[in-house]
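Per-chain residue numbering starts at 1, and chain names A, B, C and D are given in the order in which the chains are listed.
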């Protein structure tokens, strides 16, 4: 390949690159907002030109928006969409199994990939009331695979979240099937310092790659339980110059990536 | 009808009001501000991602209950008034009925279909569905599939900002539609606030673009700029900076009180609001270039 | 893709096929005739008011089962082939699953929502719901309201005639929509037959007018006149006389066999069909004057 | 009134007039096809200018079509409609109780207003297979009031229909509430020779008016059971010249009315 690695990148840029790598060509991807928007644009322009993006306001795009978006409802995201429909119609497709991959962010995620975006502390008297699910819990319930994106701080990785907004693997194993979820579950957790996956059987989180400058020990130290390390864990491949160029074309002011 | 009259007549204290139904665009801020000015109390707010309008109504003390999927400031994060209401009961305690975007869409769909509920396979295993007054687990009697039954929501009124409407109460809306249609059909009546009031012939020229029949309409209000700072496709873009300013200026109850007086209470109507915003800022948001839909021929 | 290839690849024997989804307009007669020419067998036909297309497929022996609200000839009354199939088992017995327009709409809606059923308050007390394999009484577990549960329908393929589509499988359709959207979303795949194939930019200029995402599309076939004798808004009107002629010419099996040979089997494709119809008759049906939808600006 | 009665009319024209009289001003009317289409146009141009018409293909019109329709999906019925939506969305409004009045036709109707448009004879081996419900059963289930239109032949008025496609009052009394129907029931049966209503308590059919040239006895003789006569039964008022003029403007060839 003619691409050259470069060390000159921000943590957010590396997260975008890692997120883009979760998208396979031809897939239907529930994109959502912020970094995944850039990841979708990056994947489209590199290894996944035939990926299609979904947005919970009822949009389907087969091209990324021509301008940086602060919300999925910004006018440039509607212009050139291939379908602008009702949230309910789009989510119905999701319920059928239309989305191969979905992205969500959140405040805290636990050992089995359960995500809390609702209540820190007791639900009746919360310490912090977070904004809530939005479409996140639907994406987590219904997508073929889920990629979770959030900052790597120990407080964001408790062994058990205090409230499961978006279901991951519950308490592990076949929990999703037991509660009746039709498919899915987290495939990747993309953090500022590492990327984690889940074991095939118990569905417990495990370290897959640590970002340059971090380490397996650093990832373990910033996790609220005794984090497993995948047998083939290794350092995260660096972003290529091409990847960084595209991200910077998409976010020239660094609104999301600086 | 004027905004003041529409709110006076059709949004009494204690109403359930659906707003912000297209998610981030077309949020009826002008209507919401009039509700605040008229000091409505004990409202139930219904919507998916409400962005900062619900936060403002909460801070102004208008709200008893919220049924929503997400309450905050989409581009900035948390909503301080929502946090104060739920964490500290300020200015007074509220009831929160948590939803996801899909469950709120299905609740309104069920309302529009005139049935008590619609089943759903999302949120199984989520704490949202646990002890929820309006979502109940019930395996399908047909094939045993685990589902959650989402109770029908029938708001007293939906307030929907649209690009154009006619005097007879038919509206054209385009762009991201969110749950606008479900809410218009489920609600007992609809108030449209419109960028433009157009002749009936304009609306009737494209019946597929009409949101709901005129018989559902309570009032049509001419409200140019009525969705600012949210965007209106083909008219103006989102005023991102306004959301950031609100975030900063609502951190404390005192800050918010100052903001509210300046932006809402001391502003008689939307024309004055836009004047206050300033022509330069307003024009910078304007749609920069047209992008017309391909012609459609309904000819016979 | 040619019509022959689309039917060959995506409508195998035994398929469940949804057609006639906009009710009287946009009926995919060209596709139906190709299905007859390819001698498909054991199809399940799904649709609301099927008008004479289902009657033709029945008479040609393509059909094992029908799930529909109404089968006949809308402007003339009964369908003779439907009567022969149900009353005398000719050309062979078929299974009939009776629906109403609303129950078939809800069955497809449920399919599109990925749930096993949707509840309904229509048809309570109707014999349609008695001993129905896909409709079951079940009082609401939430409030005891009597309802019927309508099972989800997920056709293998929906065939939808549209005004225009692009090569990537996105279609614009306008006029009376019936259950087109529900069927497109519920089906495993969609074949569009289109009056015009247009550049993608035409379709993308109006995303609210698009019926379903391109990923649902199996094939797009250019089929001008493909809905004749049913109407296509903005293109041509209904050929009422053709329905009357069919009524007369399908009274007996022999009459129908002659009609079928002349109108379908001996006609290689739709171009030949229109040529046979004659330029004068075809031009008399053409849209007489344009009636353009008011401009819509998606500008940023 | 300046309108003058005229005896020069067809039975179908009188049926249209009787049907139009069932429409009150400001009402939402599920119109359907054939004679009710003309009745809606007539009512709009006379006593009910603010009535609104619904059609099961997803249309709402506040003006009648400018041309005669052979089907509700004809292009002139879409042009100038105020709403063209999905059948399911429109029927959902019906389920809410949006339609004050609905019209249906049919092959046979019985003593309690139950309508058969499906099977004459045994369902497994029918003597005649009729086309089926279409939207008829929905209109009968969900409208505020129902008006039934059909030819007056004795075979079309059995005491019990062999198959209830569109529910009337079942076996009478509070049957509709017992089976869970949310509202409604037949208010009028408009026949070629008479108009019938239903008693308030038992919901049994009763003769309300007989058309000029017919009589109460004639109506009874052409009914398959011992037909009740309403206490105030009388001759049907004649169509006015204005009514006939409007009908003939709407159907100049007499497609539906001759």
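Rule of thumb we're sticking to: a residue touches a chain if its C-beta (ideal position, glycine included) is under 8 Å from a C-beta of that chain, and two chains touch if they have at least 3 such contacts.
Here the structure is a predicted model, which means the values were calculated and not measured.
Q: Which chains make contact with subunit A and with subunit B at once?
A: A chain counts here if it touches both subunit A and subunit B, which gives C.
Q: Hey, which chain ends up farthest from subunit C, C-alpha centres compared?
A: For subunit C, the chain whose C-alpha mean is farthest off is A.
Q: Looking at chain pairs C-D and B-D, which one is connected by more C-beta pairs in contact?
A: Answer by contact count: C-D.
Q: Just give me the whole-number Å value for how far the CA centre of subunit B lies from that of subunit C.
A: 37
Q: Roughly how many whole angstrom separate the Cα centroids of subunit C and subunit D?
A: About 28 Å, centre to centre.
Q: Starting from the mean Cα coordinates of subunit A and subunit D, work out the distance between those two points in Å.
A: Roughly 58 Å, centre to centre.
Q: Report the inter-centroid distance (CA atoms only) between subunit B and subunit D in whole Å.
A: That gives a centre separation of 40 Å.
Q: Give the residues of subunit D that touch two or more other chains, as numbers and ranges in rising order.
A: Residues 59, 75, 78-79, 84-85, 88, 94-95, 142, 182 of subunit D touch two or more partner chains.
Q: Indicate the residues of subunit B shared as contacts by at least two other chains.
A: 106, 113-115, 120-121, 145, 147, 174-175, 177, 181, 203, 208, 233-234, 237, 287, 291, 298-300
Q: Line, ring, star, complete or other: which describes how these chains touch one another?
A: other
Q: Taking the top-of-page definition of touch, could you list the pairs of chains it picks out?
A: Chains touch in the following pairs: A-B, A-C, B-C, B-D, C-D.
Q: Which residues of subunit C touch subunit B in their complex?
A: 106, 113-121, 136, 138, 140-143, 145, 147, 149, 151, 163, 172, 174-175, 177, 198, 202-203, 205-206, 208-209, 233-235, 237, 287-300
Q: So in the complex, which bits of subunit A are touching subunit B?
A: Within the complex, subunit A touches subunit B at residues 33, 55-59, 70-75, 77-79, 84-88, 91, 94-95, 118, 123, 125-138, 140-142, 163-167, 170, 175-176, 179-182.
Q: Please output the residues of subunit C touching subunit A within their complex, sorted ascending.
A: For subunit C paired with subunit A, touching residues are 112-115, 168, 170, 181, 185, 203-204, 207-208, 210, 212-215, 298-300.
Q: Which part of subunit D faces subunit B closely enough to touch in the complex?
A: Per the touch definition, subunit D meets subunit B at residues 28, 52, 59-60, 62, 67, 75-76, 78-85, 88-89, 92-98, 142, 182.
Q: Please output the residues of subunit B touching subunit A within their complex, sorted ascending.
A: Within the complex, subunit B touches subunit A at residues 22-25, 48-49, 68-72, 74-75, 77-79, 82-83, 86-87, 98-103, 105-106, 108-109, 120-128, 139, 145-147, 174-182, 230-231, 233-234, 237-238, 240, 287, 291.
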